[in-house]
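As written, the chain order gives the labels A, B, C and D, with residue 1 at the start of each chain.
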């Protein structure tokens, strides 16, 4: 299940959907990203997230497919929000269920790491003066390349 | 928060508690273990989990403390059930929130891996004929030692 | 006979700085992404950044592509900065 | 003068096979975990497994301990198989 949406999501309901994936599931790993107050004085009041409709969903499906080839993945659910988000809002959810915990953790982390460097989303930090587009982090690229 | 309990738990409520841990949280990783129908013909109908009260909580607190020294951990919640469990029941929950996703994933996985080899819980597989105690897996020991 | 065209889309910072979301464009001579970028960059002003120092990512028909990727009539070509989701 | 004692607890398979959850025991001569195991094993029957091939884990006062760990009066000593939670 892949959803790119402006509305918030219920991580608990996503977990329940994964739990209902069948009796062979022994492990569920989830990750949620929140808009973090980075604590500096830049006056950021929120984020604006833009995406490339159509391509985004295809890229994410490709990541789930690749994770399913590399690990035992019974079901994966990915939700990514777009539009205006406030501090502490949920941005992204990745949940994976598997027979085994090593596979659930690895697939969940792989999808999340790869999503950050290959899914066409762009973040703008919003301030009172307007905003600025966030630059890609070298650490995210390195983390994603670590899976290859 | 550490709880060893016979009752079931609400993973969604645990997630919400982690989410309310403060505005510096940017990442929440959770893991839940379920009683898996391993699909063989051994006639297992459920599990019985025994523990060493007192020591269990101390060991888990020690794992959370160690994770907090090694990674940015804003809050960690661990729940482990004991007593009689049926197939598909939830056994264990580990949730970690952090400023950064790498830390949340690593701390969550470390606590879970280390719990399996150092927290005094013992699993008995229940069958119509009685049951048998589960033997420790070499793969779990190897996974736990991988963190040292 | 109609001139073969492609659709070009821009996202995020490029969309804002070029003040263009989407445009129809003649299929470039030579037909590669690199040649298209060179043509667009020749418009000057903000467009010059398309062959500048900052990385520009390209997708053709919603799949990541490279400078040497050949274009065909009807293709959807998208240019955007490195992605920053998640 | 009272004899100094320790409390010994057993868990899981050991608890069942020794049919003992908890017992009071005189502080062993030499005062190490290894000596205590040797004394208990000498009871024969199921008790012999305490120095057999299968690993036996030990905790003293609810912290993991080793064969050489010295015991003191009042200690809580627990013996159990390798753990299998999670």
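Throughout what follows, a residue touches a chain if its C-beta (ideal position, glycine included) is under 8 Å from a C-beta of that chain, and two chains touch if they have at least 3 such contacts.
Remember, predicted model here, so these are calculated numbers, not experimental data.
Q: Which neighbours does chain B have in common with chain D?
A: none
Q: Centroid from C-alpha atoms only, then distance chain A to chain C, rounded to Å. What do you get?
A: Inter-chain centre distance comes to 27 Å.
Q: Rounded to a whole Å, what is the gap between the Cα centroids of chain B and chain C?
A: A distance of 49 Å separates the two centres.
Q: Centre to centre, by mean C-alpha position, how many angstrom separate chain A and chain B?
A: 23
Q: Out of chain A, which residues touch more than one other chain, so two or more?
A: 33, 101, 112
Q: Where in chain D do residues touch two or more other chains at once?
A: Touching at least two other chains: 86.
Q: Which chains touch which?
A: So the chains that touch one another pair up as A-B, A-C, B-D.
Q: Where on chain D is chain B touching in the complex?
A: Against chain B, the touching part of chain D is residues 9, 11-13, 15-16, 59, 62-64, 78, 80-86.
Q: So in the complex, the part of chain B that touches chain D is made up of which residues?
A: So the residues of chain B in touch with chain D come to 33, 49-52, 54-55, 58, 80, 91-92, 112, 115-124, 133-137, 140.
Q: Under the definition above, what is the set of chain B residues touching chain A in their complex?
A: 10-13, 15-16, 19, 23-37, 39, 87-88, 90, 99, 101-102, 104-105, 108-109, 112, 143
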